[in-house]
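Chain lettering (A, B, C and D) follows the sequence in which the chains are written, and residue indices restart at 1 in each chain.
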Amino acid sequence: MAWTREQMAARAARELQDGYYVNLGVGIPTMVANLIPEGMRVMLHSENGMLGMGPFPFEGEADADLINAGKQTITELPQTSYFQSSDSFAMIRGGHINLSILGGMQVAENGDLANWMVPGKMIKGMGGAMDLVAGVPRVVVVMEHNEKGGAAKFKRQCSLPLTGTGVVDLLITDLAVFEIDRGGKGAVLVELAPGVSVDEVRARTEANFRVADVLARAT
Amino acid sequence: MAWTREQMAARAARELQDGYYVNLGVGIPTMVANLIPEGMRVMLHSENGMLGMGPFPFEGEADADLINAGKQTITELPQTSYFQSSDSFAMIRGGHINLSILGGMQVAENGDLANWMVPGKMIKGMGGAMDLVAGVPRVVVVMEHNEKGGAAKFKRQCSLPLTGTGVVDLLITDLAVFEIDRGGKGAVLVELAPGVSVDEVRARTEANFRVADVLARAT
Amino acid sequence: MKTKIYADAKSALAGVVADGMTIMSGGFGLCGVPEDLIQALKTSGVRDLTVIGNNVGCDGHGMWHVLANNQIRKVLASYVGENKILESRYMNGEIEIEFNPQGTLAERIRAGGAGIPAFYTRTGYGTKVAEGKETRQFNGQWYVMETGLVADVSFVKAWKADEEGNLVYRKTARNFNPMMATAGRLVIAEVEQLVNIGEIPPDQVHTPGIYVDRIFVASNYVKHIERLTTRPRPAAEQGSGIAAAAGAEV
Amino acid sequence: MKTKIYADAKSALAGVVADGMTIMSGGFGLCGVPEDLIQALKTSGVRDLTVIGNNVGCDGHGMWHVLANNQIRKVLASYVGENKILESRYMNGEIEIEFNPQGTLAERIRAGGAGIPAFYTRTGYGTKVAEGKETRQFNGQWYVMETGLVADVSFVKAWKADEEGNLVYRKTARNFNPMMATAGRLVIAEVEQLVNIGEIPPDQVHTPGIYVDRIFVASNYVKHIERLTTRPRPAAEQGSGIAAAAGAEV
């Protein structure tokens, strides 16, 4: 039984560590904000210029001057800091954010990521995604294992235009979790969703991958 | 009769304009701070990270956290701003300071400046001088016309290691004032100290220069 | 003494813009956008503009007005979604868009203001963004060379200004505004409050006055929100302490 | 939850430094210098250090102590005057000094912290500083390529910190400290006051806590002044409004 979106977010939340500074993309990654374990200090970075994102405001308390990178109204915390965009991306590019969790359209077995444009469709732009994958030392991609039509999204090579080359460290899908070596040593299947077999993952994946000696099995 | 140090500073002060942001070097240039005409708004920049330098503190009121680039204790004004060194030199390098007035050891007729080291002597370092002459759009050098031994300091080519190439716009000495073309079109004598003749200047100068059609004569 | 204070956006923009100019305009989404200046730019009628900004407004808001008025020839931005006119003009080849990664755009503007003609970044290496650009290895890593950006005029939105032009921004409305204030040949600040000299503590100035040529107080417009997202107020208040993503988009 | 707070310089430095490391240390002259950390570095006895800073202390002050204790092999600085031991060691070839224009040094540190391996600057073109470096034309102007700098450890002096590590600097004691906070693999902040979370307004943070690994409150030392310069208090106070250079150096 494949993981739900909530379960994928919960799996991604297991990548958090005490003291981490983390950037979360839109969609499933945003849900990780609600899953920070009790007693763990995690500071959320918003690339439009904020460290220490708080929860959404209560009804009637939204402040137009306080939004996240997804343009949603949010709140600040007592330890929040604001800064200009160039400083925000200096943080990202300089490798100071510990972890970036973001969505993907395609991931390749060498860690290439495509998540910003589909040829022929309107290009909205990459926003901060290229900076995040190039600058953050640990990048976790959370995406559905297959397209709606069934096509594999974890591929030998991305067919869509790239967001970054050799940038993904961990891929979490609704079926499985893969560790990917940025240096090109390949992908390793390390964890399976409940009731999902290695054979099913192989059948629904284009990328080459090895299977870890000890394979975690989520319950 | 050659200009005194005070008169050289007064001549340099005539380069100020209302609304200017100005960086003053140590020595005679520092004296320009006291010669800002009434009613003219001039903001003084200190490259260690301050815009809007105030006067020296009253006795007993010096603050160790408030110094200028010459490491002297100073004061702030109500409109002062502080910033980090990289932002201070972004201001300089980006051409935002209108005028830099600084001392020199040698100036060449093409605007080259040497003012930071003498081979064989201990090198103290260039501090911010290379950044100032490279970044500020108008650079005025104030220096004695000759060395103590009589050697010319305004030269065809500098013999000392350079601070910058083609960077001086105006040279003020105790004898005369020269406009220098950064593009290499040569130097023009535009002003003489009282009682100083063009011949005397020629005799005491190695650089080639033309004499302006209308030569100002300071009183 | 010259003053930097102007009565309104129209007078602050008088004699400043011309056809074919490059204009930087601050803001991220609808946050920290100099709305009066954008309206004045529309009214000015100048054309063939190159506009540099993170976005180009969105339907009915911000720089969209100037776009809808056919004044923009080229855009440098990182994200241009939620903008139907831009989409159709771009698909029809009527407008040029140069997509920049957000951090590269921010750094290019910072570099332009800081007198740095070019720098290297890992961002975009091996992607379309690097096509036609110089790439180079440092310490075994590949980087892309990106160039500094300057504008003829920069539009900046700040919270407070004093007469010297010192600016303070508020929360995430800071975004691209401070860099743009450094990278315009002429910089106009649209502010919510003009305060007396001395009311902005020198340690708390975000943009020193040296960067600001003209200042005016914005008209009393309502700040727009693109995605109003809230959470219900609980009977007994309980905060997670960290972002609660379970809010509803309104 | 991990804490960033340490009792003093010695405990904050424990296990951090080793022979041969590169250390950045904030300050301009004697202003904004992390004096306790420098003393702890001296006590640690580690050797063959490369030290990056605008100066290397001056006679009897600041990084001079570590220099006098024979712990420094190489220095990157913009100005090293008023430092007799450094002078004699340099003239004797016992220590290497790489002179950097002050703005180039500041920008190299900023670049290192911002993940920029190299950038171009006009500063130093055609001078000794450009020798052996790549030069290049952009828009008809010549520029020098300079590289980013990072350190194993950065020593930062701030005025206030909260437990998150957010820092605020005071007046010109800011200088090189904020850039160095971004460019150290490990960053230790020596602060005058540790305040509660929430006491530093989010719009007024100079260095966000992400850059700070360890924090301690400085011992109660007297801040040194290199050139005490004052003016006499007039019977009836009269200020020029602008710098009065006629003060006396004491």
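Heads up, the rule we're going with is that a contact is a pair of C-beta atoms (placed from the backbone, for glycine too) under 8 Å apart; a residue touches a chain by one contact, two chains touch by 3 or more.
These figures come from a predicted structure and were not determined experimentally.
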Contacts common to chain A and chain D (chain labels): C
Maximum centroid distance from chain C, chain identifier (CA atoms): B
Higher-contact pair (C-beta pairs counted), B-C versus B-D: B-D
Chain B-chain C separation of Cα centroids, rounded to whole Å: 37
Distance between the centres, which are taken as Cα means, of chain D and chain B, whole angstrom: 27
Between chain A and chain B, centroid-to-centroid distance (C-alpha), Å: 55
Inter-chain centre distance, chain C versus chain D - centres from mean C-alpha coordinates, in Å: 32
Touching two or more other chains - residues of chain D: 107, 110, 114-116, 121-122, 169-171, 174, 202-203, 206
Two or more partner chains touched - positions in chain A: 76, 82-83, 89-90, 92-93, 135
Arrangement of touching chains [line / ring / star / complete / other]: other
Chain pairs in mutual contact under the definition given at the outset: A-C, A-D, B-C, B-D, C-D
Residues of chain D touching chain C in the complex: 107, 111, 114-122, 138-139, 141, 143, 147, 168-171, 174, 202-204, 206
Partner chain C, residues of chain B touching it in the complex: 18-19, 21, 39-41, 43, 45, 51-52, 76, 78-83, 89-97, 135
Partner chain B, residues of chain C touching it in the complex: 1-2, 110, 112-116, 162-164, 166, 182, 197-198, 202-203, 205, 208-211
Chain A - residues contacting chain C, complex: 30-31, 33-34, 36, 42, 44, 46-50, 53-68, 70-74, 76-77, 82-86, 88-90, 92-93, 112, 117, 122-131, 134-135, 161-166
Residues of chain D defined as touching chain B within the complex: 28-32, 54, 77-81, 87, 90-91, 97, 99, 101-107, 109-110, 121-129, 159, 169-179, 206, 223-233, 239-247, 249
